[in-house]
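Have a look at this one before I ask anything.
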Amino acid sequence: MSRTRSRVIGAGSIVAGAGLWELASRLLFDPLFLPPPSAVWGRFLELLADGSLLGDMAASGQAYGLGLLVAVVVGVLAGVAMAASTVVRDILDPWVSALNATPTIALAPLFILLLGLGIESKVAICAIVMLFPILLNTYYGFSTTDQQLVEVARAYAATRWQTYVKIKLPMALPSLIAGLRLAAAHGLVGVVVSELFGARAGIGLLIQSSAETFDTRALFVGITLLGIVGVAVTYALIAVERRVGRWRVAQQEGG
Amino acid sequence: MSRTRSRVIGAGSIVAGAGLWELASRLLFDPLFLPPPSAVWGRFLELLADGSLLGDMAASGQAYGLGLLVAVVVGVLAGVAMAASTVVRDILDPWVSALNATPTIALAPLFILLLGLGIESKVAICAIVMLFPILLNTYYGFSTTDQQLVEVARAYAATRWQTYVKIKLPMALPSLIAGLRLAAAHGLVGVVVSELFGARAGIGLLIQSSAETFDTRALFVGITLLGIVGVAVTYALIAVERRVGRWRVAQQEGG
Amino acid sequence: DPDDNVVTMTIAAPTVTDFDDYVAKAKGFYDARGVTVRRVQTGTAAQSVQLLATGEAEIGRGLANAIQARVRTSGQLDFVNVADPTVRPPYVMTSKGIRDFAALTGTSLGITSVTDQGTIVTMQMLQRRGVDPDGVQLLPTGGTASRLAAMNAGGIASTLLLPPVSFTAEQQGAVRMGYLPELLGEGYQFSFTGIVVRESWAKANRDRLVRYLAARDDALRWLNDPANAAEATAILARETKISPEKARQTYELLFRSTVDAFAPRIGVSLPAGEGVLSGLRLAGLLHDKDSRIEEFVDDSYAAGAREVTG
Amino acid sequence: MPELRIDRLSKTFQRTEALREVSLDVADGQFVSFVGASGCGKSTLLRLVDGLIPASEGSVLLGGSPVTGPGNDRAMVFQEDRLLPWRTIERNVVLGLEFQGQSKRDSLARARELLQLTGIGKFGSAYPHELSGGMRQRANIARALAVDPDVLLMDEPFAALDGQTRELMQAELVRIWQDSRKTVLFVTHQVDEAVYLSDRIVVLTARPGRVKADIEVALPRPRTLATKRSAEFAGYVERVWSLIEEEVRESMEREMRDA
Amino acid sequence: MPELRIDRLSKTFQRTEALREVSLDVADGQFVSFVGASGCGKSTLLRLVDGLIPASEGSVLLGGSPVTGPGNDRAMVFQEDRLLPWRTIERNVVLGLEFQGQSKRDSLARARELLQLTGIGKFGSAYPHELSGGMRQRANIARALAVDPDVLLMDEPFAALDGQTRELMQAELVRIWQDSRKTVLFVTHQVDEAVYLSDRIVVLTARPGRVKADIEVALPRPRTLATKRSAEFAGYVERVWSLIEEEVRESMEREMRDA
């Protein structure tokens, strides 16, 4: 009952918030700076109709996806290597720790300088901001694997590869997905910021060029889209996290 | 012994990495795009000498500090309110959850339009990217306080204020500091990105204008400084976290 | 080798700034001089010189950015200015609701970006008109078309616009506060579309560059000939996709009023370079006091071109 | 010190009637134990007296004036020690005084005194997790004594301790009580504990709790460990046990009938 | 099936000498238990036989050929069940076959067979955490049987179970062993368990482990719960116990002397 009540209040809050915003921007504020939701919706339909929005979404999505791919491949390989070998770990650790604490997004201008305004620089920026959460969580995941289960694999004459794929990977998976969740959020920032600087298409470009022309309705279209994508990605990965980590929780409760 | 070995390898890795980088950029790469560490150091001294670096650091530091202040004040108040009242929680929750998953850095162009290129827009951007980690961790911290200890306070006739300050705050503190750590990292991204777009001074501007004028040595000075600040802030807050959370760990171990 | 005839040059969004290039293309001057021109569009001058640095283009523009890059890289990026087709930036100062410069204080003025050379010129203009640049909020609102949109939306009170967009602005109710060359004062020059190349490339490809500049010299001479007014107007209208009426207005402004945007012949203008240098210093973008404009310009190629064209 | 009067006290939670018309007069300095089946309302009674929850009917009067909320004339000793883990023992003991706004110096002096009294004088600057369960419970008592209450409310304070520590703590509690001469309301499940400690034992009925029996424990003081082995002692234990058993049996029968 | 020969096997870890010159011939299908003080090297011996760790001296020969690493002619049943928590019971049982690259269909069929044999046929698609400790240990045994090893190595497999489940599992193990006729090396701390299950009990000395005694258990099979109450059974238990006790006493004396 109380849960239903919370949901009702939550839904009411969103509706009321949107209503208040609509009113405020019609009556109090300059709609130039705070356009009402209805105007944002109208602009959304326009941008959808002229096809530019889909183009922007495709461009951003492509850079994001490729960046994620690079980050996953490099991050997982490096993370596994760090977990597997203390020498590799000792060598990489100072760099990884330092770079993880650095706002690597600041490398964006350098990448644009090196790689130009095309998709390459966007992919590079997305990849670098997503890399460290994935790398570190892979490393944590694989270095805290249950040695007893690894010994089971050895006892049953598993090859190294089988041990990794059938024993270590499933154990590390929840940590990997947690890393992915962090990375997904970082990556959104990465793709937007890289496009803000200069791009031929993309949600970041939409936001930036809308800002330049004071088309704040389009700017809010971009930001709202980002929010929706952010929420969707976050909750999807939380769901995966729960699913994949279910046996962990069950294990803690059950035995 | 093994720990000493790790440290030696780690230190060696940094020295070797820097050495390799120096060699590579002297022999293999165009030092224009990848300047050697020695050149970066030289440029650092120059920028230090002409005073511009200190100015940039001051500008960024000021925006960062003020943004942090705003985020802490708003975030802690809202977090406490959400923990204290289910109605407030139900009302704020959908907004906070959604905005937390949104890359709010994308609001940077809007803030620059609204507030100009001065410190106001930087502070606003820093504040908004730091707000949600602080708010959510405050909320978590205060909503998981041990009710038994809160009852102790009531039994000893504590005022509401005393209960908050002497009982709930100490219990919530480790969570708050964890939030602060996240926020600190977000804030660095915020201040740099906001300056990349346009500013009168700041490390972000240094990076951006260096990139535009191909002064990659200065660009690396900026990025390295950010890295150092990032590492320092992260480790400082980890240390505080350990110190503040010590009794928790002790409690788990001891009883 | 047919590649010996190819040059890649950067162009901006279609505005009047590339007028002589349009003419060279339309009238076949490039072909006549044996050069094939490829074009890459870039948003800002900063991006234009960036393409030169990475070798994606050979001929770029933007002396302000070139100077900064050359100074900051201690000459490693050996940018050099080889010609100044447009010596007096044909900007129109426009505003919505503001009529005199004193009233600009406290309002916002749109610029392309903080480090853009348009910004440098804007600051010089404000200073010469007795307005403290720090008292005006400079907002980065993008290129010419973006700036007009921003002004129409109400986000900025004034901005510099290039024709023909400036005429559109006036149609939409904006006030013309003056032409930049006039506002800056008699005799003031500023290398606005300064042609920039890598010195090393230029030395290695002297002949090709000279022929390229010769074609542009042909174009400038043709453009400055009042007899070609009608045809030039038509070319402009076609290339920038504007109405014949606006093209006519633009031509009037550039060649019949006092603006004198285009140089009569191809060549390096030292005063235009000085304008850039002093602007950079005013904007705090160039710290060393010793640099002289001669370090950044080389008239020998344009001189060669003038010899060819006679 | 004032007399404590519990007057037709009833408490009903949403659906549960926990206590029904409990009346009781407790003389100043008396040690009263409450025993009864689990869930019969013993903790509820103590919480009502402490003012942590409001009564549904009836009232609690201390020195003639009604209790409306927690106050420093009463102090609760909880079953779990509930010490603040981030504070030293000393600073835990001063908690009540701190809430009253007393001066730091005086409070600390008083805390040290009480730590002496409760036998953990050396551990003032230790943290709770560094102490054994018995020591923590001493600190818990010291904290309650620190506010110098008229009535000490103790809700199964030794339940979490092992047998030996428990015996020790019982003896200590008697000593402390005799030193400080507080009125004590004590809840326990151990009947021998109740007999050993109390002047008087109140047996409550199964839920809703009412007073089933009110037994004067006429064992002479000081009581020693030998007292526990006396026939008289065994008699009291026997008697209280049979009352509780009777009650449990009856209530089970009642439930069978209702179901 | 081949005979198992343990030949002057010694194992020294960095500083610890765990086993010294243990020699033993185990006939095909024999059930041998190892008992001895904690830390005497029982687990080490099993791990050496399984090939999980290399010997320092001596060798293990199975059917004449030396053991150099883990192989599917031997299978270990660990004390903790060590099932993969993210796999169903069925998919846990096929693990060894999967590592061998056997076809999925055949493996599953075999797994179901073994789950029947071990008495948890209904729980193939359950997850480990949904099963009781005894059921998990059955799955653990099924997993070992699945690879059809010649030798089953069991390291205190029932230590984590409660008394009753343990008795049940002992009876089950005997049944399964009689069905499958594997050679079994069994480590336990419970002497009665060893006597009840084994053909032969090897008592090890305190560290470094050597063979102290090698006792044939001549109790007739099938053994029932009644066997456990026979005087003969008690005699074996007594005898093994006194050997262990003697060893513990001696080793303590030795240590006292050394210290």
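Chains: A, B, C, D and E, in written order; residue numbering restarts at 1 for each.
As a working rule, a contact is a pair of C-beta atoms (placed from the backbone, for glycine too) under 8 Å apart; a residue touches a chain by one contact, two chains touch by 3 or more.
Note that this is a predicted model, so its numbers are computed, not measured.
The minimal number of chain-to-chain contact steps leading from subunit C to subunit E is 2. After Cα superposition, the angle needed to carry subunit A onto subunit B is 180 degrees, rounded to a multiple of 5. Placing every chain at the mean of its C-alpha atoms, the farthest one from subunit D is found to be C. Centre to centre, using the average C-alpha position, subunit A and subunit B are separated by 18 Å.
Subunit D has its Cα centroid 50 Å from the Cα centroid of subunit B.
Averaged C-alpha coordinates put the centre of subunit D at 55 Å from the centre of subunit E.
Multi-chain contact residues of subunit B (touching two or more other chains) are listed as 112-113, 197, 208, 210, 212, 214. Among all residues of subunit D, none touch two or more other chains. Residue numbers of subunit C whose C-beta contacts span two or more other chains: 50, 53, 140, 155. Of all possible chain pairs, those that touch are A-B, A-C, A-E, B-C, B-D.
Of all the residues in subunit A, the ones that touch subunit C in their complex are 30, 32, 113-114, 116-117, 198, 209, 211-216. Contacts from subunit B toward subunit D in the complex involve residues 148-149, 151-159, 162, 166-167, 170, 247-248, 250-251, 253-255. Residues 50, 52, 69-72, 75-76, 78, 80, 82, 84-86, 95-96, 98-100, 127-130, 133, 147 of subunit D are the ones touching subunit B in the complex.
Those residues of subunit B that touch subunit A in the shared complex are 2, 5-6, 9-14, 17, 33, 86-87, 89-95, 97-99, 101-103, 105-110, 112-114, 185, 188-189, 192-193, 196-197, 203-204, 207-208, 210-212, 214, 216, 219, 222-223, 226-227, 230-231, 233-235. Against subunit B, the residues of subunit C that register as touching in their complex are 46, 50, 53, 65, 68-69, 71-73, 76-77, 108, 113-115, 137-140, 155, 285, 287.
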